[in-house]
Amino acid sequence: MTLIQSFTEGQEIVGFYMLKSAIFKQTNATPPKQYFDMILSDTSGEITSKFWEATTADKETFFAPMLVKVRGLVQMYRDKPQFKINQIRPATDEDGYNIADFVRSAPVQPVDLLYTIKQAVVSIDDDELQLIVNHCIEKVGDKLMHYPAAKSMHHAFYAGLSYHMVRMLELAEFICVQRPFLNRNLLIAGIVLHDIAKTEEMNAELGIVSDYSFLGKMIGHISLASNWITEAAVLNGMDVNSEKIVLLQHLILSHHNLGEWGSPVQPQIPEAVALHLIDTLDAKLQAAEDAVGTMLASEQWSPPVRSLENKAFYKASKE
Amino acid sequence: MTLIQSFTEGQEIVGFYMLKSAIFKQTNATPPKQYFDMILSDTSGEITSKFWEATTADKETFFAPMLVKVRGLVQMYRDKPQFKINQIRPATDEDGYNIADFVRSAPVQPVDLLYTIKQAVVSIDDDELQLIVNHCIEKVGDKLMHYPAAKSMHHAFYAGLSYHMVRMLELAEFICVQRPFLNRNLLIAGIVLHDIAKTEEMNAELGIVSDYSFLGKMIGHISLASNWITEAAVLNGMDVNSEKIVLLQHLILSHHNLGEWGSPVQPQIPEAVALHLIDTLDAKLQAAEDAVGTMLASEQWSPPVRSLENKAFYKASKE
Amino acid sequence: MTLIQSFTEGQEIVGFYMLKSAIFKQTNATPPKQYFDMILSDTSGEITSKFWEATTADKETFFAPMLVKVRGLVQMYRDKPQFKINQIRPATDEDGYNIADFVRSAPVQPVDLLYTIKQAVVSIDDDELQLIVNHCIEKVGDKLMHYPAAKSMHHAFYAGLSYHMVRMLELAEFICVQRPFLNRNLLIAGIVLHDIAKTEEMNAELGIVSDYSFLGKMIGHISLASNWITEAAVLNGMDVNSEKIVLLQHLILSHHNLGEWGSPVQPQIPEAVALHLIDTLDAKLQAAEDAVGTMLASEQWSPPVRSLENKAFYKASKE
Amino acid sequence: MTLIQSFTEGQEIVGFYMLKSAIFKQTNATPPKQYFDMILSDTSGEITSKFWEATTADKETFFAPMLVKVRGLVQMYRDKPQFKINQIRPATDEDGYNIADFVRSAPVQPVDLLYTIKQAVVSIDDDELQLIVNHCIEKVGDKLMHYPAAKSMHHAFYAGLSYHMVRMLELAEFICVQRPFLNRNLLIAGIVLHDIAKTEEMNAELGIVSDYSFLGKMIGHISLASNWITEAAVLNGMDVNSEKIVLLQHLILSHHNLGEWGSPVQPQIPEAVALHLIDTLDAKLQAAEDAVGTMLASEQWSPPVRSLENKAFYKASKE
Amino acid sequence: MTLIQSFTEGQEIVGFYMLKSAIFKQTNATPPKQYFDMILSDTSGEITSKFWEATTADKETFFAPMLVKVRGLVQMYRDKPQFKINQIRPATDEDGYNIADFVRSAPVQPVDLLYTIKQAVVSIDDDELQLIVNHCIEKVGDKLMHYPAAKSMHHAFYAGLSYHMVRMLELAEFICVQRPFLNRNLLIAGIVLHDIAKTEEMNAELGIVSDYSFLGKMIGHISLASNWITEAAVLNGMDVNSEKIVLLQHLILSHHNLGEWGSPVQPQIPEAVALHLIDTLDAKLQAAEDAVGTMLASEQWSPPVRSLENKAFYKASKE
Amino acid sequence: MTLIQSFTEGQEIVGFYMLKSAIFKQTNATPPKQYFDMILSDTSGEITSKFWEATTADKETFFAPMLVKVRGLVQMYRDKPQFKINQIRPATDEDGYNIADFVRSAPVQPVDLLYTIKQAVVSIDDDELQLIVNHCIEKVGDKLMHYPAAKSMHHAFYAGLSYHMVRMLELAEFICVQRPFLNRNLLIAGIVLHDIAKTEEMNAELGIVSDYSFLGKMIGHISLASNWITEAAVLNGMDVNSEKIVLLQHLILSHHNLGEWGSPVQPQIPEAVALHLIDTLDAKLQAAEDAVGTMLASEQWSPPVRSLENKAFYKASKE
């Protein structure tokens, strides 16, 4: 299978790719002509595609995300590669494909990510905190096996949410050694829970977020997680006003740091500062890595990266 | 008893007043001399006071808020009246005073405010919403009988919180007639709950807030109320993800309108817009009424009012 | 006549509709083909429309706003209904239509709105203020019978400006009862004049604003109204520096509350605070009501509403 | 007479100085002792002064601004010179002083400034504009002979307002030569009127602003000037909607450039841009010149200058 | 040759014009058709143009900026003139054209601008400052003969950078006479150097900026000029910490006034304030002059001008 | 020696302490009495102190920072401990003290910090980058042995600058392992140079910053470091426009991330993002650690921390 990143102008392509977006349009011709504006993706990147011969039946057939088999031609349009689809059909079970081969994923297996997260929870040296964290993990079910961490800002790939958690846990362990005054139990619990309600905030399939859910728009992942902690505490007969539960909720509520970024309170304990900073560092470095990592070899500047002050990124020459 | 608002320069005063603030200081003299910087208040206003003859024993005696009997002299200092205390003692039960005669209070009796609020709750035509609201009212206990709505921004007086609720309920009834498409049940429930957790957010006695509580700083009244709704729902076996409970939490979470004002989500249903606007209108008009209502007769401009763009207010001549 | 709100895919339509917008375009075909991008509207809503067979003669015939008779087909385009016009002609007097049946209008008759406004003016218990207000009303002529209050932000419909005034007058009467310390004369005068110069600021026909006028861009409705008050006072030999005239100008100048919203001074009397808050409450609640009121039955979320923090609105299920 | 700028530590001083500020205070001693916190000034600068022996009678005698004769001693306090007053009395007519010798003034005689301004008005080649400008100049009376342009931001000295106008007129003439497309009549009229209503916005004596007036707070100098133009036009039977009158009002209304700086509309003709920029350039350069010009010879850094991003200014060594 | 500003609908045109922009596109037709979206310009303005018959060979032939000979037809599209190109070829040496006849240029000859700049440098009465300035001028080479001052904000034309310098030098001479306390040497040096590194920050040909350079994005013209001053000082054995060199760097670093506008430090000497204000005044007045100067005779309002608060400009009637 | 953190009310103290601040004042008494407002500090914290018996000779004797021997009494003032100095003299060489015993210092020996930094420089696998970094380190001399990283924001203690560098180097090594695509040479060089010019930006002794220097105010540490890199490159005959030198300057210039925080350009390579984030994380966590680490045992809330959204910090109970 030819990786999208290596497509070259004039090349004829036959193969399986992920259909990441499919919008049915019509031209301004008279009578207007129907076609599909599509994005195909694989593990190496994505490419804008046009399926000019789309029929009304096709309109009921192709919805993103879905694995498809295509035949077509790589063209250049405004100095950017574009794929002209001549034939397209949904992949079927008989095609014997492995979905993971076609979607951009965390570089670690989901099962290993989840194992690491659960080991971290086990290491929390406080029964009540551990119980609360486990309540939330169970509530989420297997969504931690595949949810991305965001629609496009950072870790927007299969199992990106768990991968983000694991990287943050690694950083936290390192920093707890640098600064032993930090309460490790609280910080570990906070890292696991800080974004866990994103699994209810967004609708996602195959690592691709389609939109925000009703709960996401009305309450948001920050307040949802706070409510879940209350729920866990009430169901287990804990004192919701105990210092440790209040501090855990404080970590969740304050982890976006500022009101205009969605946090109703600001960090007022060192662990809340640490959680916010570790989160920011991992999310932004990942966004930078993604920006330069998904550029074609021929390019020097990435598109603008929204979470990094909307700046384009430069790929330095290898030395 | 002479009302503070009518104190005149050179007047000798004997009477009972509320001690609203008491800070023990020392002069720069050698040796430094101890004295008390105090604020006395009654229903008509307040006055800066100095007790120059304070002893170390006095330091252990006088704490705000407390009712005291004083004897002293009204002086002018930088064009403002100041009270020089010659004698001071705590009031005792034998003095037979009624506390309500000495603190600035809502113009309606607390018992009547609470009655009005409870009638509004009874009128909510939805059993689950009513149950949730009652859970929160019971949780708060008799604090609704005396809590102010804020430290200084607005309704900063005895039973100010309930008074604010009642005025908002009146406005809501009027607006629900103007605009029948609004969901009255949701709006009434939202008004009663929107600031109810201020009773846990701040420490207050006799209508005077001393400071923010641990819960107030770590979680804040907005997220506290959201947690209480979750608690009520879990304890009563309701579905926390049902539309009406989610919308009620949305009203509470969004009622400050913007992230930088403390709301983690912004209003996305008309009732949330209505709650925010009714809250703002009542709070700001009260702040304006207080600003001109507590000025001395001789003044034309109030001090700057923080919640009203920090502007001074003008008292127009009566026509 | 079929209401636009009830158009369904595949339906053939013949009827009269308001032509709200008409832009002559050409396709990228070779040679480029001319067509009309139109918006048709009625009292229930509006629909994007295409007239592919437009001729150069048509270009000189169709200008918005204008009532037209059309024949055509309802199609779906990107999941939204679109109307394909096969035939179109301007309505003529012989068609015997009533314009009010085709434009979105205030739910109260303009003549009744104007009557209510004039009653309010009569009730102003101050001859000079009454004279000034009447000068401005006469200056405006019959524009109060049909002007909208804005291009799109709120009350953007036939007689929306008067309707906004009347709703504000109702709220003001209620609040003057809640808070008798307010100067009712000043507040009523301020409400009638606060937006009255919008009739000179914008060009509008049939409740639809086409653009801002020369006076609107150079001076704006706030300063125009201030100038009109000066004009009225000078022509009637009043003292332009008298307290009441200055306070009336202050109400007009400050009613947008902040400099960045167009007010050169900020509210410094309670009536100015009240005017600003009543204006905001009515405008924003109307925007929210419009957002959910003009959605198709099949939709749950409105488009983003600019005046409400650019948020989409949710239409709750009826209970 | 010894100039304040040349006072040195330990020096005994006798002479006449302007009393620029006088606040009656009392110490924390028991019993508290009364004294005067004063600022003395002359043409070279100002000095903080203390009059420890103040009596109650003195309190009724000394009000700023007033010329006084003092005897006292220059001391150092926190590394800054301070003047200890031993004797003080108001200057009397018998003292035969010339007030202009004691107040900081524009470097050009007021009569010459006014002459220059009137010449500029005469040169306006448009009778109506000239009439309007003259109406406003006459309205202001002789305040142009002595008013400062601001309380402290810039040109805060005797006749500072006229001096600011004249400097701006000079710059305008130069720029109209550089860029002949500008409408000189409009620009000259705009410069003369842009700040003219500051004479009603602020209360000032001897070039020293004491506070903002009722008109200043309620309407502000920008809208006042707009109203005056309307008044002049109405009284002289001109068309208030004629292009030139509207553009003149536009220049006045927009000269602060942004809403948050007090302008209800933004510049939309080149002359309005020019007026704003010439105003800014002259005001800010004057603030910079004042900052370094009033420093003591021994200092290298000025106090922070509020209108220049609150930065301290550096006095470079002479080369 | 017909000037673009005087093109009228239906006119047939043959002549030489500057190709300012050329984007190769394809229509949505099936199969998609290739065409060129072009902008042609001359000294009087520019016009959107379409070349529908573009071939793949053309794609390799036409790159902006380039002088071309065209034949075509003026059409109207959405009420704006558009040029339909029937034939197009690059101009050749044999055509015997003078490039300056086709590009919008400063109204003064580049050679005269450079002469004026060099005279100003010669007049700097300080050998070290003069040496530094000359080092930078030599570094830049002949780019001062043709570089614009910006991509589109202001002085975006041939030799616009030098023209901007010269106008600023004129203003500086005038202001140094008004305010003799200013250090003229420093100010002249600062004006010449403040934007000189724009020649490295942007890539430009024939007065048209195509994009920002690698150095421009990574360092920017402000820090580049600071580095060049260091380079000049080090190479000439000067003390980089001497007051005058530090102050010169301060002028360059602070000339955008605020951090959010790109200046790492804010003005703290009067000459830095002057440089910033003169720069702003010249740039903004030029933007206003360009806005009204390039409008067609039939128009009253310009497009929004980004550097002038994004406002449209009004062209007043000639009187 | 009694540590300041363990001072208790009423305790008599004799010992050596650091005089961190000394302001000579006078009381309002008549005649005014001179005294010293001082701050004494040691490794455990600091205490406000008063020396009431100060003489004019003392004024010439005591300047911060200086080691002094004091005798006095611990008192309480407004619920905070204050030290009343009865006797004070400068420490002398005969006292045989070790300065490091009295100043708050990095928890690692300066010599070890410098060793670690130099090892990191040696590990830079690029001769030119190494040469540049070494040029800057040599320029700074032994200031890296004692300079703090800031006046009060973070690492405001003896050798705080080097300590901050070392902690950042540790984090960078960890992150380069997590994300091997980062250019380690560039990142290490950037960390060592990012704040190195703070040694010229601020004046400091014994780890205490007294004020900003002339160079600091005029150029700032960010542009100073950029200039030093240019200087190093020019002196060593390197190409200042080579990619690696430009990128190194980019790292320095962009490390405050935003223009309003002092960076003239924003990060546009991943290493610049990493440098900014590592810097922020280390600085803010240190500020949080300092806030809770220097609180008295009896307190639960720290004073507001300016660099952490001005929030007070809570010291959780040990579990």
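Going in written order, the chains are labelled A, B, C, D, E and F, and every chain counts its residues from 1.
Throughout what follows, a residue touches a chain if its C-beta (ideal position, glycine included) is under 8 Å from a C-beta of that chain, and two chains touch if they have at least 3 such contacts.
All figures in this text were calculated on a predicted structure; none of them were measured in a lab.
Common neighbours of chain C and chain D under the contact definition above: B, E.
Between chain C and chain F, the least number of touching-chain steps is 2.
By number of C-beta pairs in contact, D-E leads over the other of A-C and D-E.
Inter-chain centre distance (chain A to chain B, centres taken as mean C-alpha positions): 45 Å. Taking the mean of the C-alpha atoms as each chain's centre, chain A and chain F sit 39 Å apart. Listed for chain A are residues 27-29, 214, 217-218, 243, 247, 258, 268, 312, 314, each touching two or more other chains. Working note: touching chain pairs come out as A-B, A-C, A-E, A-F, B-C, B-D, B-F, C-D, C-E, D-E, D-F, E-F. Interface residues of chain A facing chain B in the complex, by the touch rule stated above, are 214-215, 217-220, 222-223, 226-227, 230-231, 234-235, 240-241, 243, 246-247, 249-250, 253, 258-265, 268.
Chain E makes touch with chain A in their complex at residues 23-32, 214, 217-218. Across the interface of their complex, chain C is touched by residues 25, 27-29, 33, 35, 50, 52-53, 77-78, 312, 314 of chain E.
Within the complex formed with chain D, the chain E residues making contact are 126, 167, 170-171, 174-175, 178-179, 181, 183, 243-244, 247, 257-258, 266-270, 273-274, 277-278, 280-281, 284-285, 288-289, 291-293, 308-309, 311-314, 316-317, 319.
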